[in-house]
Amino acid sequence: MTESQKVAVGIVGASGYGGVQLVKLLSEHPEVEIVYLGGDSSAGKDYADLYPHLGHLIQNKVEPIDLDVIASRCEVVFLGLPNGLACKFAPKLIERGCKVLDLSADYRFTSLETYTAWYQTERDDGAIASSAVYGLPELYREQIKNSSLIGCPGCYPTASLLALSPLIKQGLILPETIIIDAKSGTSGGGRQGKINLLLAEADNSLGAYGVAKHRHTPEIEQICSDLARSDVKVQFTPHLIPMVRGILSTVYATLRDPGLVREDLITIYNAFYRSSPFVKILPNGTYPQTKWACGTNLAYIGIEVDPRTGRIIVMSAIDNLIKGQAGQAVQCLNLIMGWDEDLGLPKLGFYP
Amino acid sequence: MTESQKVAVGIVGASGYGGVQLVKLLSEHPEVEIVYLGGDSSAGKDYADLYPHLGHLIQNKVEPIDLDVIASRCEVVFLGLPNGLACKFAPKLIERGCKVLDLSADYRFTSLETYTAWYQTERDDGAIASSAVYGLPELYREQIKNSSLIGCPGCYPTASLLALSPLIKQGLILPETIIIDAKSGTSGGGRQGKINLLLAEADNSLGAYGVAKHRHTPEIEQICSDLARSDVKVQFTPHLIPMVRGILSTVYATLRDPGLVREDLITIYNAFYRSSPFVKILPNGTYPQTKWACGTNLAYIGIEVDPRTGRIIVMSAIDNLIKGQAGQAVQCLNLIMGWDEDLGLPKLGFYP
Amino acid sequence: MTESQKVAVGIVGASGYGGVQLVKLLSEHPEVEIVYLGGDSSAGKDYADLYPHLGHLIQNKVEPIDLDVIASRCEVVFLGLPNGLACKFAPKLIERGCKVLDLSADYRFTSLETYTAWYQTERDDGAIASSAVYGLPELYREQIKNSSLIGCPGCYPTASLLALSPLIKQGLILPETIIIDAKSGTSGGGRQGKINLLLAEADNSLGAYGVAKHRHTPEIEQICSDLARSDVKVQFTPHLIPMVRGILSTVYATLRDPGLVREDLITIYNAFYRSSPFVKILPNGTYPQTKWACGTNLAYIGIEVDPRTGRIIVMSAIDNLIKGQAGQAVQCLNLIMGWDEDLGLPKLGFYP
Amino acid sequence: MTESQKVAVGIVGASGYGGVQLVKLLSEHPEVEIVYLGGDSSAGKDYADLYPHLGHLIQNKVEPIDLDVIASRCEVVFLGLPNGLACKFAPKLIERGCKVLDLSADYRFTSLETYTAWYQTERDDGAIASSAVYGLPELYREQIKNSSLIGCPGCYPTASLLALSPLIKQGLILPETIIIDAKSGTSGGGRQGKINLLLAEADNSLGAYGVAKHRHTPEIEQICSDLARSDVKVQFTPHLIPMVRGILSTVYATLRDPGLVREDLITIYNAFYRSSPFVKILPNGTYPQTKWACGTNLAYIGIEVDPRTGRIIVMSAIDNLIKGQAGQAVQCLNLIMGWDEDLGLPKLGFYP
């Protein structure tokens, strides 16, 4: 069914922004072939009806979601579905021998209680869920390599955790002082006709949302707590920015050792991410622009220390739909398959 | 020289964005008449050459800056000049009997040492400077009424101080925990051909700048310290947002009393700003969008409390060029002249 | 029920972008008082729930649409409803003595056959419809003054007709050569959750739509034909531009007399619009930017002649929601009531 | 000096937007190696100082422009310089055995008189100039393959000529009726600090410029005349659009045969571009969005016929910096070197 040597992959939920990124990235990936695109409301349509600019390369139809069909054709399945659906499908796909990369929140939590508390969804797939690995390769590279079920991180947690991890892992900050002020382009809201995401509403405007209650909070806290080996709470505030793609997380924390200077921290970060091909620590006094990451799987990190206040300020920029979503899933796929971690993933954005 | 009963006003530095806001606001103000528009590099040009859309209403030429001419014609002078120039001109205008509203940083500081440390400009106008009042009417209304020299606040300090003042004045927060994450449209960078302000560079991108060293930091700290009657240091991080106008300041601080809830704080804010016609405290769970303030002299303030962390998060949105600059100067003028504080100032933005 | 001397006005369909412009403009108008805001899906809500930034000035609730109630309270009614609804309501409001300004297409056509052909709506209000006047004051000022039912023009026709009228009226061009290439911000698509109007889709992109079949075509042709006293067909192509507000119409036509130069035409346009306070003809070589008109009821017109091709190119810029919609309706109201044509209407945009 | 088998290429004028696109495209091209980056004002700087996001992949310094050094190192040289400079350098590089791809206007004209009339630059390199080929592969594929000096087309001519060529070549339209209404993102204005290109000025605004006198006019006319084998004049009007990248050309012309329908023309276009891997003719009723082309070397073309007026309307969308500039130069390189025409060039844009 597939070209010789290529791995057959399918995408369930191919019509949204996560789906179309996957379609692009997997189409250009040298080792895989897309053999299935599935959707619910879009089933039966040509994919080119949804995205006419892809008509010259993607001739697939969107097919209905039939797990037997999917499993018979695909070695690897990407799930790009609303929260609460992947946990219905993934167990059956795993059972049928597929590897599953889930882009929703369903398999990000080690505690289903936390999941249920924040997502208001009851679950009965605890056994499978406990086998899932959090798909942030920079932190869980080895575990990902040996897993068949990946809960790919949210876009905000990716940007925020890449900024925070060296500090927490090495005990450099007071965890109770962590504040994450995050800013995202509107594509993070998905391809749905919401009034607040209209250009007429969102352009030339700026505001916070989900203050003190956004669902990415427990996800960030879970990983921070895992790194710190103690319970960490963070202050997380997302903002909607009048741009299409990109996230900037500005992270504040108080240093334990007020004598540390910027150069020290740049050295620490560079060491921490030495084996991570997609994390780029910026030199002294350079702060990241989200545009630099746009169209790539990179995370750019800038670091500043304020000796007046004893705080470190870390800024991380990613493309919310690539490193924050589809690209990261492909990065996990590369690890699972034993390929180079950066195989087929873009590292050079177009500028401007 | 002027229409009967109207107050003659002049604008020095009329060609920039601050200048053109003043031209608009003062043209529509019922009690003043613009009798002088001055500039340096633009002297001799028709104002309509700089802003063709105003040609039908503003027939003035931009005149060279001659203090005797200005003083002979104007009762009130607005200075919209780069930092370090107002302190050369203001003393001579005051001497000649003018009232002066300065939009630069020159008269914002009670300590000229602080000014010199952050702005690298030596000054010898200490006597005059000590008579200047910080032009934030919501905090210094009475002093403004009796002053002839106003140092109008910067755009970031305006948004940040309106968010912080009730908390500091009433001792509700731990001052050492204050973090201000501020976001501004690019018009704050002025009408000058800088690469980083090009649409091609700034659009669809986002980044921080001046981290831990922006010059608005000491200005915010001075007023906070004045309110707190003790030395306050803040963490202030500005960001450039891909939009024309607007500032959002997201302010974080730890509450002294973790039992306070959002409703308490909304009540406190409403009381604090009861006599301030331009500050609007939003109801429970509503957070400000900068677009709401765009084209007005209003500041919208939203309040959230996070019981998980004990922090308050306050968001304030203004139009950086109106309440953050020209509108505030006109508000001060109204106070100085004994007019209604909101005379001639816009309160209803166009939407969307 | 109303303040003494003020005219009581109501808005049916107050929740959309046309509605909220009317709310702003009428709130600031010195001679009217808003006594009714009506809607269908939004009935029962506070207006401030729809537009929180207006909460400090507009305390009205959105009321259900009850024609008797409306007529009992309002002297003048603005209808901001989808096409095909105004023709149900207007006859009954006229009957009850109201003056009606309709923002939809229902009363723009002298021929109901044309309307039905392009809008697929059968009508039985022919008698009333024939009494309606096309609400473009620059062309039909006197008729508007004496009418009780105004069909306010569409946004594209306003921009296009202001550019074309002097040429057609005075027979300066070959009518069969008229091409109108129009560009609009996305607010023209209304406050509805359409995918193509999302910021993520529409920002940083550009495309034509409705090519050779947009419903504003017959509206433009009707007025052109009326001016020419012969049947005129135009080529009209609208484009969606990644901005919130504004329309630019670039109009091309072949001059009958190839000896005419730009200066001649500027003179002709200035004469044609001498009595029109909202049309501004730009001087030699200046072309309009839509931003100049933003927030105002102005139309800026720039003119160029190409001696190489014998064509005139006219560019007109308006704010699609003000001169292209709500502001024009208020301008018509001013005429109907015998007030100054420009009473209460903004003439100075904020810049930038 | 270079990796075995790779072709050594240099870029003179690497600091601008054209340069940085070339750096990206050539870095990812499988058959070339960048061995020289040159500039004037930026000479001596690290390339990563100009574009920090490229620091992880491009360690080159910008070198001064020394033709002997360039020729000694490079087999192929891209010139990305202001108009009037390439004609000084190219002859010497050709003499020294280099192949030259010039992105400026200097080698686009078969008549140096036309060049001098529109560009006000005297030239004495007529012999070399007459050997140059216009680098639009879709029209001059065979000539490009055998040339050492390519004058790469401007961005507007690329979009416009791809839309017009089938019509002109096959005599389907009346050439004197051609009107090109073109719309470009602001990156076309280059990386220079011009006031009108500031985000604060250009965002949320729209205007025409260079009406009846833009320098791309004679370039379009030259190629149209060549195709028509007679003198063709076009009406060309460029507009600045508030977006970073992308050009849409909306082209109008009167059909000779009013009986032709849209389907006929789609068939004709598909045939005309059958061997052109980067031109995509859209199906019935689909019109191109510039975003579809963004980040690719593709041109999307949509076609409409208006039976009411007898006109054809053709819309073509490209990325102005890729197919409109750097990508097209690489496409020419591929032809010159005998490689596949689409080698190393992107065909799948990121969306949204």
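All chains are identified by letter, namely A, B, C and D, in their written order; residue positions are counted from 1 within each chain.
Everything that follows uses one rule, which is that contacts are C-beta pairs under 8 Å (C-beta built on N, C-alpha and C of every residue); 3 or more make two chains touch, one makes a residue touch a chain.
As the structure is a computational prediction, the values presented were derived from the model and not from experiment.
Write down the chain pair with more C-beta contact pairs when A-C is set against B-C.
Of A-C and B-C, more C-beta pairs in contact link B-C.
Please flag the chain sitting at the greatest distance from subunit C, going by CA centroids.
Using the mean of the C-alpha atoms as each chain's centre, the farthest one from subunit C is A.
So the centre of each chain is just the mean of its C-alpha atoms; given that, what is the distance between subunit C and subunit D in Å?
39
Using mean C-alpha positions as chain centres, tell me how far subunit A is from subunit C in Å, no decimals.
Taking the mean C-alpha position of each chain, the two centres sit 46 Å apart.
Using mean CA coordinates as chain centres, what's the subunit B-subunit C distance in Å?
About 36 Å separates the centre of subunit B from that of subunit C.
In subunit A, what residues contact two or more other chains?
In subunit A, 17, 185, 187, 191, 198, 200-201, 203-204, 242-245, 289, 291, 294, 352 touch at least two other chains.
Once bound in the complex, which stretches of subunit B touch subunit C?
Subunit B residues touching subunit C: 17, 20-21, 24, 27-28, 51-57, 187, 191, 203-204, 244-245, 280, 282-283, 286, 289, 291-295, 298, 300, 321-322, 347-352.
How about subunit B: which of its residues touch subunit D in the complex?
17, 185-187, 189, 191-195, 197-204, 242-244
Which stretch or stretches of subunit A touch subunit B in the complex?
Listed in rising order, the residues are 176-177, 179, 181, 183, 185, 198, 200-201, 203-209, 211-212, 233-235, 237, 239, 241-246, 248, 250, 252, 287-291, 294, 302, 304-306, 308-309, 311, 313, 315, 317, 352.
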